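Same chain, two partners: chain A is paired with chain B first, then with chain C.
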Partner chain A sequence: MAEHSEITASLRAFQEGYNKNKRLKKMNADWDRVVLVEANDIPSRHTLILRKGELTIQEGSPENPDIKIISDSETLADMFYGDITPTQPYLNGTLKVLGTEDDVVRLDFISLMIWGE
Partner chain B sequence: MNLKKVLTLRTIVATSAGLTLATSTFVAAVQVAGFLTGNAAWLAILTSGLLCFLAAACFSELNGQLPSAAGIRLYFGRAFNDNLALVISLFYMVVIMGIVGAESFILARVLSYAVPAIPPLVWIIVMFVIAAWVNIRGVKIAGNFQDIITYGLMLSIILLAVLAFGKINFRLENLTVVGGPGNLIQAVALGVFLFVGFEWVTPLAEESTDTKLISKGMLIAVGLLSIVYALFTVAVTSTVPKEALGHSVIPHLLFAENLLGKTGVIWMTIICLGASITTFNAGLLSVSRFLYASAREHVLPTCLSKVSFKYFTPWAAILTIFFVGLAISIIVLITKRYLIFVNLAAAMESLIYVLAGLAVIKLRQKIPAAQRPYTIPGGLILPGLTVVVFAVLLATVLITDKIAGLCLAVGLFLSWIYVINGVPVLRERHRKKHPARRRRPVKVELEEQ
Partner chain C sequence: MKRVVSVSLGSSRRDHKVQVALFGEEFEISRRGTDGNFDQAIALLQGLDGEVDAIGLGGIDVYLYAGKTRYVVKDGLKLMQAVHKTPVVDGSGLKNTLERETVYFLRQNTALLPLKAKVLMVSAVDRFGMAEAFTSLDCEVTYGDLIFSAGIPYPISTLEELEEIAHKTLPDMCQLPFHMLYPTGKKQEVQDEEKIKKYGHYYLEAQVIAGDFHLIRRYLPPLKGQTIVTNTTTTEDVTFLREKGAGYLVTTTPEFQGRSFGTNVIEAIMVVLLQKPWPKITPEDYLNLLKQLDFKPRILKLN
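Let's look at the complex of A and B:
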C-alpha cells in the first residue's frame, strides 16, 4: 500500500514530465479539464487542473470534476510515475476512469507522450 | 463530487437501440419470417427479445459489478481467465467488422436501388471513406442527435407498419402458424441477430454516475426493439409476397415501394441511412478503440497504438479497420453471401450470452461479497437459463448454416492460436525493446531520506 505522500510525489513527477513537453501543452491548450485522482484503499484525494495547456495539482477533491480516476494507492503511484501503463490496470478492472470516452483516450495519450510505451 | 457530464436514461435507451437498429437487421427480420409458414414472425421476434432480456439482465449485473469500457474483456477475464477473454474479444471484433461489411453491402444495394446511376461499389467506398474520415477527425454523434435518429426511426417504422395494416385491411390471420417447433427455434435463433449490439452501451457506464440507468436503458431498448421489429415484419410479410421477399437483399425497400411507390422508396432509404449511420459509426468506434487498447498492452502490434497529434484519435487502428472492412464488403459484393455474416454474428452473440450467464455464476462463486448495484433475482435460475437457452440457439444457428458454423470454429481456433503463440512473442519483443525501469523511489530510500 502506497502512502498519500507517494501519490503526491508521483503526481509531481507527472506534472514535471507534462510541463517539460511543450508540444503536449500546445496540444492541450483548448482542453480544460478538472480531474479527481482518488485512492480507494487509503484516504487520498488530489485534483489535477488543466487550464489553457497548463497542469496544476491541488490536494483534496473538486466539487464537479470532468473525470474521476480511481484505483488503489499502489497502482496510482506506479502509474503516475510511468512505471506501468494505465492500460493494464484499466483492462483488469483495478483502475476506473469515469468520464467521456474521448477524455479517457486523451488521458492515456498524455501518459504515453510523457512516459513512452 | 458528481461528474459534470452525465448521460440521461433517454440517451442510454437511444444509444442501445440505435446501435442495434441497422439496415441489415431489416433484412434479417424478413429472413426470420422465411422460416415460418404462417405470418408468425412477430412471435419469433418477441421470443428472441424476451430471451435477450435474460442476457440483458446478466450484462446488467456484470456491468454493475465491473463498470468499465473494457466490457466483456474484463467480465470474462475476471470470471474465467485473461486468455479466454482475449480469444473471445479478438474474434468478436472480427465478427463486428464482418457485420460492418455486410451492413455496408446491404446499404449500398439500397442506395443503388434508389439512385441506379451509381453502382454499389462506389457507395461502399464512399461510406467507408466518410466513416473513416469522421472517426479520424473525432467527430462524435451527440447525445441529442442520437435521440432524434433512434426515436425518429422507430416512430417512422411504426408509422409505415400502421399504414400497411390500413392499406391491406389487416386481419388477424395466420398470425400463430409457425409450421412446427423446429421452424420456430430456427427463427428465434436468427432473431437474436436483430438485437446484436444492445449491450455495446455498457462502455457508457463510465459516462453515467448511476450504473442502474445502463441496466434499465438496455431492458427498455430491447423491449422497444422487439415491438418495432415485430410490427415491421408482420407489415412486410402481409404486404409483399413471401416469394419476392425470400430472394431479395432489399425486402424492406420492396415493402416501402409496394406501400407508397416512389415516396416509399425515398422514405425507406432515409430510414436505412439513419439506421446505418449509428451502427456503422459504433462498429468503427468500438473496434478501433479495442485495437488501440490491445496494442497499448502489447496484445496486437504496437503500430496500431499510433494516435493523431491533432485529433487525439487512434488513426492507425481506424485505417486498419477501413481496409479490412472495405475488403470484407467487396468480398460480400462479389459473393453475395452476406447471410453468412448475419448467421455468424447471431452465433457469436449467442456464444457471448452463454459466457455472460456463466460469468455471472462464476463471479458470484469467486467473489460473493463483491458490491453489486444490481443482482438478478431468483439466485442461479435466470443466469443458468441464459446459458441453456443461448447454447440451444447457438447450436441451432450452427446446424442451420454450416458454413457460418465452420467460420466460427476456425475463427475461434485461429484467435486461440494467436493468443497462445503470437501474444507472448509481442510482449517479449516489447520487454527487450523497453527494459523495465523504475522511476518511483523504493520505500527504503524514502525512509532513509
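Let's look at the complex of A and C:
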C-alpha cells in the first residue's frame, strides 16, 4: 500500500515528465480534460487538469471530471512513476478508467510517450 | 476446387463469394464478416480449421511493422492461434511486397504520383512497405497513425519519427482490445462526422490518400479529385468514393467479379499456390508469383 504523499510525488514526476516534453504538449494542445485520480484503498484524491497542452495537478476532487482513474494506491504510484504501464492493470481490471474509449487510448498514449522504452 | 475463406471482424454486409481459376486451379474465395464479434470469429475459425485450404484474417492485423521491428497485436494473435491445421495469414507478408510494387507502378506508369506528391497515409504501421515506397520516391508523406487511430492531431512527417513513436507505444498499445484502435463491425458502415470536421483538412491537403480503406472511409470529407490507393473495395465503396469527389481509385489487389479483396485473401491464395509453409515463404516467392500471375493494380477513373 502506498501513502497519499507517494501518489502525490508520483503525479509530480508524471507532470514533470509531461511538461518537459514539448512534442507531447503540442499533441495535446486540443485536448482539455479534467481527470480525477482516486485510490480505492486509502483516502487519496487528486485532480489532473490538461488545458491547452499544459498539465497541472491539484489535491482533492474536481466537481465534474471528464475522466476518472481509480485503482489501489500502489498501482497508482507505480503507474505515475512509470514503473508499470497502465495497459496491464487496465486489462486485468485493477485499474479502472471511466471515460470515452478515445480518452482511455489517449491517456495510455501520453503515459507511454513519457515513460515508454 | 481449392477453398480460401477470409474471416473478418468487419461487417457481414460486405460478405462475398467468387470462383476464379488461377494456374488452371479452381478457387472458391469467400469472405465472412462477424460484425466485430470476437467470439464468433474464434468459433468460425475453429469450424473452418482443417476444412479449407487456407484462411485469411480480415478486419484485424496480427503484425504491425515500423522499420525492422515487428509488433504483435494480441487480439490478432488470439485469432491466429485458434487455427491449428489450416494455413492462416493476415496479409502482412504480401503487403510488404505487393503494396510497394503498386507505388512503384504508379510512378513508372501513370501521372498520379509525381515527384514531391503530397501523400496522406491514414495509417502506416499496418503498411510499412507502402510507406517506405512513397518515401523512397521523394513524396511528401504525412503519416496519420496518431490522428486516425488515436485521435491525436499530430501529423508525423518522417519514417524515423514514426519508428520512434511506435517503439515507445506499440508494445503496450498492441495489448489493448483491437476495437479501441481500429473501427470494427458496424463502425465500418458509418462515418465519424465530428472527426471529419476536425481532421478532414489532412485529406484535402493531399494529392494521394493511401492506406486501409475502413480508416479512409470513416474520416473522408468531400474531396477535390484526390487519388485513393487502397483495397477491399466493393461496388458500393466505388460509388461512395465517386460521390465524395475522389479522382481515381487505385486498388493494390486484383479485382475478382467487381470486388477487390483484402491482402489477407490474396496472401491466402498464394500460400495455397506456393505449397510452402507460411513462415518459409519469402518476399521473393511472393514477387515471383505476382509476376507469373500478372497481377497489376487496378486504376479506376471516378471523376
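The definition used in the following text is that the second predicted complex is superposed on the first by the 116 of 117 C-alpha atoms of A that agree within 3 Å, B and C clash if a C-alpha of one lies under 4 Å from a C-alpha of the other, contacts with A are read in each partner's own complex, and residues count from 1 in each chain.
To be clear about the criterion, a contact is a pair of C-beta atoms (placed from the backbone, for glycine too) under 8 Å apart; a residue touches a chain by one contact, two chains touch by 3 or more.
If you're wondering where the values come from, they're calculated on a predicted model, not measured in any experiment.
Considered on the superposed chain A, chain B and chain C are sterically incompatible, since they clash.
Look at A:44: by the touch rule set out above, it reaches neither chain B nor chain C.
Shared-chain residue A:93: touches chain B; no touch with chain C. Of the two partner chains, both chain B and chain C are touched by A:85.
Of the two partners chain B and chain C, more chain A residues are in touch with B. Once the two complexes are laid over each other on the shared chain, residue contacts for A:101 go to chain B and to chain C alike. Of the two partner chains placed by superposition, A:75 touches none, neither chain B nor chain C. In the superposed model, A:63 makes contact with chain B only, not with chain C.
By the touch criterion defined above, A:27 reaches both chain B and chain C. Of 326-334, 362-370, 380-388 or 434-442, the segment of chain B running into chain C after the two structures are fitted on chain A is 326-334.
In the superposition on chain A, the residues of chain A touched by chain B in one structure and by chain C in the other are 23, 27, 85, 87-88, 91, 101-102, 104-106, 108-109, 112, 116-117.
Chain C makes touch with chain A in their complex at residues 146, 150-154, 165, 167-169, 171-173, 175-176, 180-181, 198.
On the chain A side of its complex with chain B, the touching residues are 6, 9-10, 13, 23, 27, 36, 61-68, 77-78, 81-83, 85, 87-88, 90-93, 96-102, 104-106, 108-109, 112, 116-117. By the touch criterion given at the top, residues 1-5, 66-70, 73-74, 77-78, 82, 138, 140, 203, 206-207, 209, 289, 292-293, 296-297, 302, 305, 307, 309-310, 312-314, 430, 434, 437-441, 446 of chain B touch chain A in their complex. Across the complex, chain C is touched by residues 23, 26-28, 30-31, 85, 87-88, 91, 101-102, 104-106, 108-109, 112-113, 116-117 of chain A.
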